[in-house]
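Each of the next two complexes has chain A plus one more chain, namely chain B in the first and chain C in the second.
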Partner chain A sequence: MKTQDPFKYFRDAIDYELEFVEKEKSRGRKIVGIYCEYTPREIILAAGAIPVCLCGTSNSTVAAAEKILPSNLCPLIKSSFGYFITDSCPFITMSDLIVAETTCDGKKKMYEIMGQRKHVEVLELTQKSDSALSLKHWVDELRKFRKTLEREFKVKITDSDLRRAIKLMNRERALLRKAFDLGMRNPSIVTGLELALIRFRVAGFEKHLEMLEKFISDVEKRGKSRKKPGGPRILLTGCPTGSGSGKVIEIIEECGGVVVVQEACSGIKSVYELTEEKGDPIEAIARRHFHLPCSCLTPNRGRIELIAKLAEDFRPDAVIDLIWQACHTYNVESHIVGEFVKNRLKLPFLKVETDYSPSDREQLKVRISALLEIAGK
Partner chain B sequence: MPIQRITSADWDAGIKKIPESFRRDCRYLRSIRKGGVPYLLSPSEYARRGDRLLDRLKFDPSPAALRLWAFIFSEKDRLFLAKENGWKIFAVMKDLGQTPVITYSVPKSLSFYADALWWAPCFAENPRLLDEAEKLGATNELCFVRAALGAFKTLDYFPMPDLCFAGVGSCCDDFSAVMQLIEWQGAKVHWWEIPARHDRTRNNISAKFAKTPFGKTDYPRRAVEFLEKEYKGIVKALEKESGSRITEAMLKDSLCRFNRIRELVRNLREMVYGAEKMPLPGLETLLAEFIGIHACSEPEESVNVLECLTEEVKKRIRGGISPLKGNPVRIYWVTPPTDASLITLLEDSGACIAGSDYMISHSYYPLRTGIHPLNAVAENYMDDLMIGSLEHRAKKIVEEASRFRADGVLITGIFGASHCPFEEKIIGDMIKRELRIPVMSFDVPYSPGRHSEQVVNRMQSFIEVVKLRRKKR
Partner chain C sequence: MKKARITCGVDIGARSIDIILFDGRKIIDSIVINTGAKPRERALSAYQNLLVKNGIRKNKLLKTVSTGYGRNHFTDADEAISEIACHAAGVAYYFPDAELVIDIGGQDSKVIGMLPGGKVVDFGMNDRCAAGTGRFIEMVSDILDIKIEDISKMSFRKVSGCEINSMCAVFAESEIVGLLQNDVPVEKLLKGVFVSVAKRVVSLMGKSFSSREIIFTGGVAMINGVAEALEQETESRITVPSNPQITGALGAAILAGKR
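After this line comes the complex of A and B, so read on.
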């Protein structure tokens, strides 16, 4: 451990993660690349492997992806695919297996192309979240996945292994949730940019958990010394952000607002609920996933319920819906979210559609400043 | 006697020469109104009623083809008439070909595909439905199926359905999202899920696979088991809505009726695309293919329309007659064009359509009899090229393009359709590699009242390339 400052640690987290993954790989541990919150990290951990998130969040690989893919695709897919085809992500190179889910059309087709070069295991995520039949199908997929890992990695995954992994992931998610809940304080004691730092790539990494605890305690200490209130409080919803794709959070905070909560899989959404530690572990894992209200689920009624709950707890002054260009599902749902926010929550609402490039920063600044002006009244 | 394609104005004059005996047969919904409702009107009449593009197209000159056009364009009249007479109206969405087999087991009901409204703005040469959809959150970054949302708002094209059946799952995120907005507007929706069809790969070695009897597609058995359960949910929803029990016999009757329609479409398609001299223009073949998915809200008359067209095609094949001039190059068309006038443009440029993958090819295959009808519908759905891997779709296209002796392949993408951007290049690459024939792909723009210059230039240049390549061969 080179630093005890959690903010610096998480800023440089990728270096620690690389070091850790390389070391574990050399010891014979398997590495599993993942692209989505629906991936059952618990099963991967129970198999003794390390799940590493490969989602692309950098604009730098988009151009390479566009040599194969058309430009009218979402930047997350293009960035991820760009890393893949340019072999520029060491985690991809180290991955023994890539696990994917049938979430959106873009990702599904990307996995198909990736599958021509690397072993990609696609789990069929059913999309009717309120259906018992769909849930059963997803449970069966996870059972099949357990067998696949046993076969591929030549291990036996017991229920006890799974329960241990559930406990570990619950600990990780509970800490993340605790950190995100710090945004409830009014005036705010933590910024959206700081909270964005703690979405790391490698799951079940003990050092991360230690530093998360330190992050929480350091931020809590600020509470006592905070004197002046922050700017307008923003609930950011929609597509996920990451290191290199956090420009909207940056702009909000540059303009004087503060992102108190992010309803996205890069924010509180993915850690809002923990996995049941009793009962059939596979069913418990599947059930938790099914409660994640991503726009790839249809109908996705859970998202409105979650936004309502977050609005109650975090008391935002406005809501911003971030849509990555060509992400159809979030784009269309934005209308429903907007109507709900304006008519039911009675809050100002702004839909921001953009990509990873910095070219529209100034335009976004003007729009976001105007929203903050309205929200701050 | 030589024939050629004609315009809507030509039909205004020609329609008077159609014998009364033929005209008398062209009637729909005989079970609602005694003797049925006559519908054989000239395309220009339907153009005056709103579908203005009809005045820019070229049509086959036969009464059988006119009957086809008039039947398709009178669909909305049927829907409103049925609703006025107390019939149930069901909107089906996304699966293209399967749910209507089930919904038509309900007596006194009509079903239509709300997705079919994607053509409406182009045919109307009017963006009204798109504008309405935009106001409701479906912007111009989405596929033209967003017009369905606009149509739910305006109710210009259909009355408010008693129940909508919305399929979600394996494909078309854009339309899944649009369907949510349709529900948000107050439409009553029964949601059901379409499982993905995984290929037989090393990752699936533990899964039990089977093969569809007609399309010969590998599928995991559990996908069909899942689908059958979802179809049972549809039956329950129909029973609740209609207040009557749906028996296996009722489902079988509906299945048999659709099998007759599918058989007619399949045979017609084989005859047309397989012929040396193209007996029917591309537009008429396209319309006939689309009757297969939902019988255009009138299964009984659909059969009559298709039988009539089949007779005309047989006659032409026997006589070596074609409405297209010279020896047009043969083009296999992938994904239906939003703008139907592109087919007229292609034919005017010296080509013909010899084969198509309009994303509904599963609906030409017969539904198996001798098993439970819901099982048969589910099994047949596994032949849908949209619910599985792109590689599988591309292979099927290559096979058909080769079988129909295509000289070139045209892929018309749909801007905003979530599956399209990935497909065009992969399909194109496989065709070039396997068949070594020219391929062109482009997204069809919305340009009401005229063709986009870019599209005209590209289409004409492509046809020239195909002609030159054929000469060299």
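After this line comes the complex of A and C, so read on.
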């Protein structure tokens, strides 16, 4: 069942990942579940373990979660928790440890409930983006985390282990970045839905990297023959999406637009900056992660700077801000983003607040096609 | 005979289907029917009947544009355009200098900011909730057991409304039942409902929308009390076109002639 078609490969990526993780687990490697881009995958890899992203991106587990969690919570949290309590995700079952961060309140409290059943290690992410003290605390958290992993997994994590892991993650991020950068082409040569395919769960998996290279070269080859301009180019920002929660990308492209770049964690944000390979590795890892412009930080100027840079490079015709219902940080921040997009970038802007269910598809279509009509003129 | 430039606009909304024949300058004929359970079939037969009635063969039409929730399912249309763009174009027909439109329909409400001539620059729409839409007013009229037609022409200018705080239509319903039990007069209650709808809609406007005159369209625009409440909340002059229900279909027909 080895396919050479990268599109097909990434559509089925979860099967390959499952096979890989099961095999490695049976050989004694540890599995670490993660839920956020702040999680230092490098330290986990340096401990010889495999980091697996457990973020829930399916509506199917939301109802189960609502038996315990309040229903007006973000669907990403509910879906993730639903998988957890129904024990329906093999990656969760295989995880020896779950690593979490103090990001948004919903997640933070969810981790406490998860902690009643499984070992959850919470890293305290300090939230003042421009404070040296905050960064210092985060560095300390990561040093402690290194020790925790050494103790839990009975390994020694050397600096050169860390450097090797940094190199591996940098290679992965650089390849993802190169793939996302394909969206800069105008006329576009790749759709937002295709680019959404390549966000896999398992980090440091060699096969993925091979196929990513193939993905990039296939898209480039295909792109040579594309001359006619596509529909309006959209920069999508806001909350992360995933397989099963790509509703808004689907609607944008059904209505004739093309998502040329996704700013969110599921898009370019998480691979925009690489980890420095010189100097103290823990400090380098801490710095890179601390620079991630998530709405949980305050102030989150980095996001505006990133959007400005992306607007320059990707030349979007409009910006859409995706807010998962009850995600307060992104929802509130949307005001700042909207003002910036409208007044400074002079681009049409639309905030879309929704959840994983398909019930509001038609309403969203009206809004999105109206935006595309404005942007297309 | 000069080559006809007749276009057709079909607005398939959640509550009604509106169809307009337009000759490039004026409305030739129009029809408004309830949407019913089979919107696609109903729209199609109403469309055909309207053409037959006016002696127009389909192949003589320059173009047909559909809009509204059912726009993508109306296969006889040459193009589907969002109701935002269509409403703006329809309003600009009557009010070429209009810059701001508030449209409150059965299921949604929208605010559209536009340039003179009808080009949309920005818009806001209500989210999933029915508060701030015609449906909410219908619910209230059911509770009060008063027909909408009976309150439509009444003026509530002198009435001070009671406070309705619920952000959700369903909770607002129980709040209203509670107010009734406390013997709050019906006029005060209705005024309160209209003001709460107006407030909802104004919250969609954001800072970027403001205008001395606002054109108010959609089925709800036929209720005087809501227009009054909007005037009070926006401090702008509210103008209701003579047939506020059909601006979407009219805009579709107009845009059909432009593309």
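As a working rule, the second predicted complex is superposed on the first by the 376 of 377 C-alpha atoms of A that agree within 3 Å, B and C clash if a C-alpha of one lies under 4 Å from a C-alpha of the other, contacts with A are read in each partner's own complex, and residues count from 1 in each chain.
Methods note: contacts are C-beta pairs under 8 Å (C-beta built on N, C-alpha and C of every residue); 3 or more make two chains touch, one makes a residue touch a chain.
Keep in mind that what you see is a predicted model, and the values were worked out from it rather than measured.
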{"item": "First (chain B), second (chain C), both or neither touched by A:K342", "value": "second"}
{"item": "First, second, both or neither for A:E277, with chain B first and chain C second", "value": "neither"}
{"item": "Partner chain in contact with A:D360 - chain B first, chain C second, else both or neither", "value": "second"}
{"item": "Which superposed partner A:E305 touches (first chain B, second chain C, both, neither)", "value": "neither"}
{"item": "Touching partner for A:D15 - first (chain B), second (chain C), both, neither", "value": "neither"}
{"item": "Contacts of A:E206 with chain B and chain C, given as first, second, both or neither", "value": "neither"}
{"item": "Residues on chain C engaged by chain A in the complex (per definition of touch)", "value": "69, 72, 81-85, 108, 119-123, 125, 127-128, 208"}
{"item": "Residues on chain A engaged by chain B in the complex (per definition of touch)", "value": "68-70, 72-73, 102, 104-106, 108-110, 112-113, 115, 119, 121-122, 124, 126-128, 131, 133-134, 137, 140, 144, 147-148, 295-296, 298-300, 325-326, 328-329, 331-336, 338-339"}
{"item": "Contact footprint of chain C on chain A as seen in their complex", "value": "342, 348, 353, 359-360, 362-363, 365-367, 369-370, 373-374, 377"}
{"item": "List of chain B residues in touch with chain A within their complex", "value": "136-139, 141-142, 166, 168-174, 176-181, 183-184, 189, 191-193, 195-196, 198, 201, 203, 206-207, 222, 226, 229-230, 233, 389-391, 415-416, 418-419, 421-426"}
